[in-house]
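Order of writing sets the chain letters: A, B, C, D and E. Residues in each chain are counted from 1.
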Amino acid sequence: MIALATISIASGLFVVLTFQLTKSRIEANKQAALEQAVFAVLPEASVRKNYFLDTTGLELLSDESFAEANIFAGYDAKGELSGLAIEGSARGYQDIVSVLYGYSLSNESIIGITVLQSSETPGLGDKVETDPDFLANFVKLEASLNQDRTALENDIVTVKNGKKTKPWEIDGISGATVTSKAIGTALRESTNQTLPLLAKHKDSLQMTIPMEKGDE
Amino acid sequence: MFTKLQRTLDWRHWFLGTFPHGIHPAENKHFTAGLPIQRLPFSKRLVLPLSQHAGKPSKPIVHPGQEVVRGEPIALADGFMSVPLHAPATGVIREIELMPTAKGPRTLSIILEVYPGDSQEVRYFKSRNVDEMSQQEIVKAVQETGLVGLGGAAFPTHVKLTPPKDHKVHTVLINGCECEPFLTTDHRVMLEQAEDLVAGTRIFMKALNAERAIIGTENNKLDAVEAIRAKLPKDGSITVQAVKTKYPQGAEKMLAKALMNLEIPSGGYPSSVGLAVFNVSSTAQVGALLPVNGGVIERVVTVTGPGIEKQGNYNVPIGTPIRFILDQLGFRGSAQHIILGGPMMGSCISSLDVPITKGCGGVLVLTERDVQSEASRTSHPCISCGACVEACPMHLNPCQLGRLAYKSQYDEMQSSFHLNDCFECGSCSYVCPSSIPLVQYFRIAKSANREKAKKS
Amino acid sequence: MNKSASRSPSQETLNVQLHTSPYLRPSASVEVIMRNVVYALLPICMFSVYQFGISVLALVIVCVGACLLTEHFVCLCSSKPSTTNDWSVVITGLLLALTLPPGFPLWMAAVASIVGVAVGKLFFGGLGYNVMNPALVGRAFAQAAFTVPMTTWVPYLSENRFTEFIPSSLTLPFLRPIPTADWVAENAIDGFAGATPLALMKFEQVPTDSIQMLLGTTAGSSGETSALLILLCGAYLVMRRMMNWRITASVLLTAAATSGAFYLLNPEIYPDPLFTLCSGGLMLGAVFMATDMVASPVTPWGIWIYGAFIGFVTVIIRLFGGLPEGVMYAILLANAASPLISAATQPKIYGAVKRKGGQ
Amino acid sequence: MVKDPRIPESLSWDTFLRGLWKENPVFVMLLGLCPVLAVTNTAINALAMGVATTFVLICSGILVSSLRFLIPKQVRIASYIIIIATFVTIADYAIQAISLDLYKALGAFIQLIVVNCIILGRAEVYASKNNIVNASVNALGMGVGFTFALLCLGVVREILGNGSLFGFDLFGPGFQPWGIFALPPGGFFVLAFWLFLFSAVQNRRQKVQHQKETLENAT
Amino acid sequence: MQPDSLTFIFLNAFIINNFVLAMFLGLCPFLGVSGKLKTAWNMGLAVIFVMLVSSTCAYLINGLLVRFELEFLRLICYIAVIASAVQLVEMTIKKFSPTLFKALGIYLPLITTNCAILGLALFQTNREYNFLQCLAFSIGAGAGFTLALVLMAGLREKLNLADVPSASSGAALSLTLAGLLSLAFMGFAGLGG
């Protein structure tokens, strides 16, 4: 029994040690990955702020606690808000597809998208990450709120390949209908849920932040 | 003659009784069905195996050199599960020795040399009034006739007349189905010996104290139904019923299902459900023999098949070697297959010296062409077509049984798939498109299981 | 068999190979049954060739050829006599070809055939031992391996179908199929949507006329378009007693009942039962694939349950799954479940009442 | 390998080579199949998984071997599991620190190394009865054997399923990848294929040997 | 169907992403115990039971660990808890239902080394399921394991009576069957999407 306890304690120490040693590195890795994703969907941004948004209000989080954030604001070199990065997820073909999309408050549209997690069929479902025609949908995809700011004016929908006529429609990938639809669903649900909330805090987000030195 | 087409078109036949599953092989009865029973001359030598019945062999009471007259007992029953044997002809006992039989192994047989010049009348008999006999006396008298089931199973008839104490037989079924293709023995007996048949039925009813009797026959023998109906007693205790022509309608379990809608329990006897089943030929023999205290000395045999010239139904003395019959009837030399019994359940003989025994109702001679076309069929693995499952009258799963047998899993066959309920009718082998010898597999499996049970 | 002994009856013994009963056999052997299934499939092939042109002809030839060669070659390798003469492998080839899209690249069809026969059948010991329908194994493999070509459809009755191949058919081995969009645009009759009736229904809620699907004037896999023709060919087999009609009936009835129930719940979004029956591969599957004897149960109740399982799962996958069509998966799953179904539905034997007393 | 377990075996090449081929944990002993199938859709994943497993194998082997006189018999399995779990956690964090993408690709299977029977099996059967050098060499052999097996699958699956190897495109954009090999059924099929190949080769070899023997016996 | 609804979580673990056929968890017992149909049933039931117990334990433990910010000890705790949970289950069954113990007895120790159990705990933590979702997930996973195991056992029993070529018998045969099953289960992909 004593031996077992000793081993347990020793192994606990080992693990703690490793945890402490690798902690900063892992955090940095995660930050970097997130940063990459945020800047991918907000092409003009160079600075990121983490926010937590729910029905109670908007809260600015510190850089370290990015894991709890659900909205990331991107600011360009001049310190002006270039857009917000928001997560959305929906059921895909194999499993859940989750995306991060960039939303521009100024022109009320989605301006970029990246897939965070998907296990879709290789060579087919995963086209949503690579297909240039599909990604072109998200250069400027309309997502404007209605008059009383409670929901979207027009819900985002995925239509069959080549059938896109409206600015809020996503032109699907032929052969990967389910996954393209899942992206549409993810965006629709996320925008409908987040944007009305966001509208209340538009001003506090839109203020320019002072640029620190060294940031380029 | 009632052709298949007539039966199919006549709506009255659609509602006849039958049993689920079963098969419809080509009947081939038209060769001999219309031919009356004829006599054949006596062979010079008769071979009389002491074991022509299920049960203990009979005990011989004669010695070589002894003279016997036609109808005289030459061997006695050894206990209750045994029957005596009578001399089929007047002559002299030559030998008691081991002789080949249709079953395969050589068995002890009495060899009788027939007196060529004798008139061969039955001189050994004693008239008596059957109506005055008690039940026990009838059973004893039936045993003394040496009668066994003439349908093929050769089960001593008197044993069936004494059901277990707690079983009450209310109905006697007389089995005139004769579902085996080619064979017409029972058909002719019903036509020509209807009176004996009815008499025999009444004896059985009396012996069993049964209320009624049904004579069942397939609807391809409607002329027999008419013939029997003319001889029936007026009180209505005996009726004749036609059932659908289907193989194996002649099995007692199938007949019970078709006529009474009763199922004889697995491993049980017909008497478990109040039935007793007898073959028509046996019944006719009882009707003929009991009043004169005679013994079974001859039987009707259908000799047929493409390999024989004079096909027909012949009254043959027990013990006549097959060779003698074939020689008499114009045997075509090219024959390869001689089958005792019908083509579905009969057995192939290895020697022409095999005698006709009490249980043998037919000699089927196939030509080389038939054999060749049979042999040229290649056997495939089972393709699970399910034809055998739809054919099996016992509702077994021959498909699975066959697969198990192929891998020698005999225990599993018995413990999970009711192997012992198979009565080897051959329906599954008949329909199998893969030509798997299922029945042969099952026989091997059963005997392996028996061996194993013996050892333990 | 020892033929040296004389056959004369006067000799001491007849030398007979001791066959056992029964000595009679009906004429339908495995070869005959299989050959008749091939006959029954030929009209469907011919109609498909008429409808989609020489590309389908090539597809059929490649599939059958590849299946035959695979079986022959594997038998050769394992030094067994070739089993190609039992015709079963031809059925596999034909069925596979009939379930592939008309413009399917031929090299992929050959791959699917090889996989179907080698993995689906010969790996388990050949005819009689395959656990799933080999043609469907091949198709499922192709579906998973080459998803895009498997869902690319071409218009029917295009004008020069007898003079030129669909471009994707002639793709070189291991390369991506040649795009057919331009060819389709050139050859399509007005309004060709590039999708099967099922896909139209599932993804765009556009129904297709049932008469069209009965007659076969729709896009789809080469052999699945005409429900009527498939039924007729099936009827031939049923009449010759070479097919178990119960499976087909059970599949179709259950599919109709299931989809009918949903249709009654909400006719707006769910298709009507007739659409379910006539669309996609259900008819072909129910008549020719589900009835594959080897992989289906033999027990009387098992047959009905097996068919019902296929019908039900097909409709569920069609209505709620990610794919517009689910017949293939339903049949494969039912094949996998067939030992269980068999085990659960062993027939009640004659006289299986409780025994009265001892024996 | 029937040997008296109490006598530590002497160090030889066989200690190392055994795990590589004769007692290959995957192909011969069919152990630890979960990661073998789950993370071999690309060669790089396979390699990473193999290295991580090898690391845990060696470390736990060394520790178990060095503590073999201290651990009481009754609690040995529990102790082994704790030791293994410790190293797995370390490997887990290390991979997170090295590359997040790789960590994502391997998912929970890094942590599932804990229940990989190879490691516990080695600890119980070998490391607890041999000295540190032997234990580590044997563990290395097993680890390399495991990695080899993973690569066997990973290479085939990546080439066919993606047309690439270690992320490098092999055939150009015209190549049609066979998607199935990146999917679960592909994993089963490729492993089955390797096993089939090995047993076919072995059968052939046995046949040849058998023929040789009968020939020799005849002469 | 919402991705976090109980039905979906159940169906996902049960057939869509079947624990054995799509996630490759629990392969050792899957290959080892699928020879006979009857044992497969028993094993499946045992796994469902143990999965329920260990999933609940893992959920509680994780709550504690998160509370005290000791997430780095998660793996060690899980493995310890699962091992003891199985022991506990074994003892409980032995005491209260000897017949059930007879049926499950020999399989329970095997389950400890079943990576499906630990995998279940790890996945439910990664996906941040709440308690009810954990229950649905564990029942789905257990049922999925049982389904795969029983199908496999049926097929293997059938193939026991077949003339399987010597090279493809054994593990290669089982894995090919598993591959075919996995292929057939792909039909459920996107179910409820």
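The working rule: a contact is a pair of C-beta atoms (placed from the backbone, for glycine too) under 8 Å apart; a residue touches a chain by one contact, two chains touch by 3 or more.
These figures come from a predicted structure and were not determined experimentally.
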Steps needed, at fewest, to go from chain A to chain B via touching chains: 2
Chain E and chain A - chains in contact with each: C, D
Most central chain, judged by mean C-alpha position against the global CA mean: C
Farthest chain relative to chain A (centres taken as mean CA coordinates): B
Contact-richer chain pair [B-E vs C-D]: C-D
Interchain centroid distance [CA atoms averaged], chain A/chain C, Å: 46
Averaged-CA centre spacing for the pair chain D and chain B, given as whole angstrom: 69
Chain centre separation in whole Å, for chain E relative to chain D (CA means): 23
Whole-Å gap separating chain A and chain D, where each centre is the average of the chain's CA atoms: 38
Residue list for chain E, restricted to those that touch at least two other chains: 72-73, 76, 162-163, 168, 173, 176, 180, 183, 186, 189-190, 192-193
Overlap residues in chain A, where contacts from two or more other chains coincide: 11, 15, 18-19, 93, 121, 123-124, 178
Multi-chain contact residues (two or more partners), chain C: 119, 123, 125-126, 128-129, 141, 144, 147, 322
Touching pairs among all chains present in the structure: A-C, A-D, A-E, B-C, B-E, C-D, C-E, D-E
In the complex with chain E, residue positions of chain B that touch it: 381, 403-404, 406-407, 409
Chain E contact footprint on chain D (complex, rising order): 30-31, 33-35, 37-38, 78, 81-82, 85-86, 88-89, 92-93, 108, 111-112, 114-117, 120, 180, 183-189, 191-193, 195-196, 199-200, 203
Interface residues, chain E side, partner chain B - complex: 160-163
Residue ranges of chain E in contact with chain D within the complex: 21-28, 31, 72-73, 75-76, 79-80, 83, 113-115, 118-119, 122-123, 126, 166-168, 170-173, 175-176, 178-180, 182-183, 186
Of chain D, residues touching chain C in the complex: 171, 173-176, 178-181, 183, 185-186, 189, 196
